[in-house]
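There are two complexes below, and they share chain A, which is joined by chain B in the first and by chain C in the second.
This part shows the complex of A and B:
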């Protein structure tokens, strides 16, 4: 008889965990809240992925294909856990979907419920939702994914665009002190894509630190050397409306210009990652710990970042903190290995 | 005070250190000075930054350097460029308050009667006098073009025919122009008690000794009435 393992969340982390487990012959129940698999990359139609600009479909599409191929994976779309009980070393779980409820016993559980994008409307200084031409990186990802990159205000291509980093991250006012890790690289990547497809659109990036860590740094250098992206040190203090249907970014260039007010056709806010409402929900439903940043808390952040504080429940991906797809996929595999070992030991 | 060959005063480094330590001991200091990302948001939102060479980011960085020399350089002019609007404190992602630090430094300058403080407070001597003498901050007759250049071009009109204009206000206004309202002697005495406790009289003595004498006469009068 093979093991039964529950995977919650069908983003990159959960998908990879499910696929690896099915390759081991495990019966996997993959529960996804949305009506489709692929997580945030799919929802916001990411088109090309950093670091190497490969089509997102290579990665996400591949994983979805494998998960949906049947094998040992049963996907529960538009579903959630409605009841969760420990039963000795196992778990009695009720899965609820539009079609009804199903009660099953699992040997172990992997939580891969991911992140939510910070809603930039929460920080009034950026005037998101006030001005049509102020969007954020997920909106831009979707626009480019849909081949529909124009100014929302008038449908015309922009001639000058600004990226503002650290929106909703590294800011005590919005309650997020941490760095979201990917938004620098996403912004640099998007600036490169823009300059490539729209060479007469100038691109500026306003930063406080550029955190294109590790090999992501290549993109940063490329943005300056090959794509002539203007990179200015200074966080934006205010966005106001300007003449000729522009939006004005006001701030301090801390290295060169001093005070500045620059009009742009469009502004893109690099909004960060949050634990979202799903993290506290799943934390209380499964009885696992939440950290002070609003993400799920691993038992030991360095030694076992893929283990929850509760034996038999494992964690993977952005539900434990901001990270890139490659890290999420790696953690999916690590959690799968651990969930499998636990299941076999307690059979 | 000692002077160098160019007539510039030589301030001993011990004194600068003392000023820094006085700021550091202020009960608000820990709350106002935290980490700093050098992000420039405070400065970007700071109104005077657009008119002067002035940056709340530099104020915070100087403070964090704990270098008494750097902090001393701000005492003369820098700290007086601030409007005390506290936009910086409202938007700093670290929850610093550069405006608050400036308040602390200004209070030191005032308490110690620094030249810079005297110069800046000079125009306020009329307000101080009015306040201590009558419990009013501003009375109609104080509104004159020379003293309120920042009130714009209509200040000239606003300062004429005060008695008539005053009568047009549909509220009890005492029908005089040298007072805004009447303050009872009991209230004045309470106000003086507060001034005493808070060290306000000492401050006035430090920045404007002759004003202090006039005020003291009035205070004595009221107190003995």
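This part shows the complex of A and C:
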């Protein structure tokens, strides 16, 4: 008899975990709250992925295809865990969907519930949702995915665009002290895409630090050296409406110690990642620990970042903290290996 | 009667009547000494305006102009780490000479700020330490040349009034370069010492030791053997012709 493993969440991490386990001959139940697989990348129609600008479909689409091909994977769409009980070293779980409930016993569990984009409307200084031309990186990603690069307010191409980094990250004021890791690289990537689409559009990035870590740095250099993206040091304190249907960014140029109020056609907020409401929810349902940032807490952040504090429950992807898609996929595989080992040991 | 009295008053300094005048820079005050609008005399304080002290535009046309020059073509690379200023030979002597800040002002087209540094912007001595150390290969040393071009183009009057060419030094340079095709450092050194009235030091112990050392390792003889570049007379003629034309253009007032 083969093992039964539950994977919660059908994003990059959960998908890869499910696919790897099915290749090992495990029966996988993949629970997804949405009616489709692919998680946030699919939901917000990410088009190209950094650092190599490959189509998101090459990555996410490929994983979805494998997961939906059957094999040992049974996908539960629009479903959730309604009941969760430990049964010795195994787990009795009730899965609830519109079609009804199903009770099953699993040998181990992988939690890959992912993240939520920070909602910039929570930070009033950015005037998100107040002005049409103030959007955030997920909005722009979706717009570019739909091949729509124009200003939301009037449908015209922007002449001057600002990216504001660290929106909802590294900010006690909104309660998130951590760095969301990918927003710098995403912003730089989007600036390149915009400049490629509109060579006449000036692109500025307002930053405190540019954290395009590791080889993502290549993209940042490319943005400056090949696409003339200008970086300006200083965080933006206020966004107001300006003349001629513009939005004004008020800030300080910290390198020259000068205040500025510059009008832009469009402002893109690099909103960060949050644990979302799903993290505390799954934490209380499964009895696993939550960290001080609102993400799930790994047993040992360095030695076993893919293990929860409870034996038999494993973690993968952005549910444990902000992460790039490639890292989530890696963790999916790591969690799969650990969940499989646990299941085999306790057969 | 009262009017007569007023007319006798000495002309007020620009912006003199502004409360807390020290908070406002000269350039931010617009005031016409003599102005009559619709027959009403609004001279002096009656037409005072204070310009916004907040920057309200990034001027990228300026950036593009610099990027199109040979010396400034790498301006887009600079990320303001400060390696150039940290390496600079001049900054420790003139703190207002800050290559990093100048490059940033040029990137954002901040002419208002650049204008404040016309007197020091030319201080680069061309040691190229910055260019050698720059992690992005911006070539800041040559960027300072671009800065010079820009300042000369946009603020010709200020450059003229703030920068006085030392005719003696110019003559020494001209003689050396046109005459020999290269700088003669020993001669420059001697003339600098003479100009600053330190002739005695030329015969002091330090100088004597240096000369002795150079004679010993052979450098003194190589200085004496300094020749002219190959076929120098033709180059010399070309330079002289160029300078002659340059003079005509400058005298013609068209500017170069």
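Throughout what follows, the second predicted complex is superposed on the first by the 345 of 347 C-alpha atoms of A that agree within 3 Å, B and C clash if a C-alpha of one lies under 4 Å from a C-alpha of the other, contacts with A are read in each partner's own complex, and residues count from 1 in each chain.
Criterion: a residue touches a chain if its C-beta (ideal position, glycine included) is under 8 Å from a C-beta of that chain, and two chains touch if they have at least 3 such contacts.
Since the model is a prediction, treat every value here as computed from it, not as a measurement.
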Chain C versus chain B on the shared chain A, clash or fit after superposition: fit
Where the C-alpha centre of chain A sits as vertex, the angle toward chain B and chain C in the overlay (nearest 10 degrees): 50
Partner chain in contact with A:237 - chain B first, chain C second, else both or neither: first
Which of chain B and chain C A:104 touches, first, second, both or neither: neither
Partner chain in contact with A:259 - chain B first, chain C second, else both or neither: both
First, second, both or neither for A:224, with chain B first and chain C second: second
First (chain B), second (chain C), both or neither touched by A:204: second
Distance in angstrom between the closest Cα atoms of chain C and chain B, superposition on A: 5
Common ground on chain A, meaning residues reached by chain C in one complex and by chain B in the other: 233, 253, 258-259
Chain B-touching residues of chain A, taken from the complex the two chains share: 125, 166, 170-173, 208-209, 233-238, 250-254, 258-259
Chain A to chain C touching residues, read off their complex: 202, 204, 210, 221, 224-225, 228, 230-233, 253, 255-256, 258-263
Complex contact set, residues of chain C against chain A: 53-58, 60, 63, 67, 76-77, 79-80, 100-101, 104-105, 107-108, 110, 113, 136
Interface residues, chain B side, partner chain A - complex: 37-45, 49-50, 55, 57, 91, 93-95
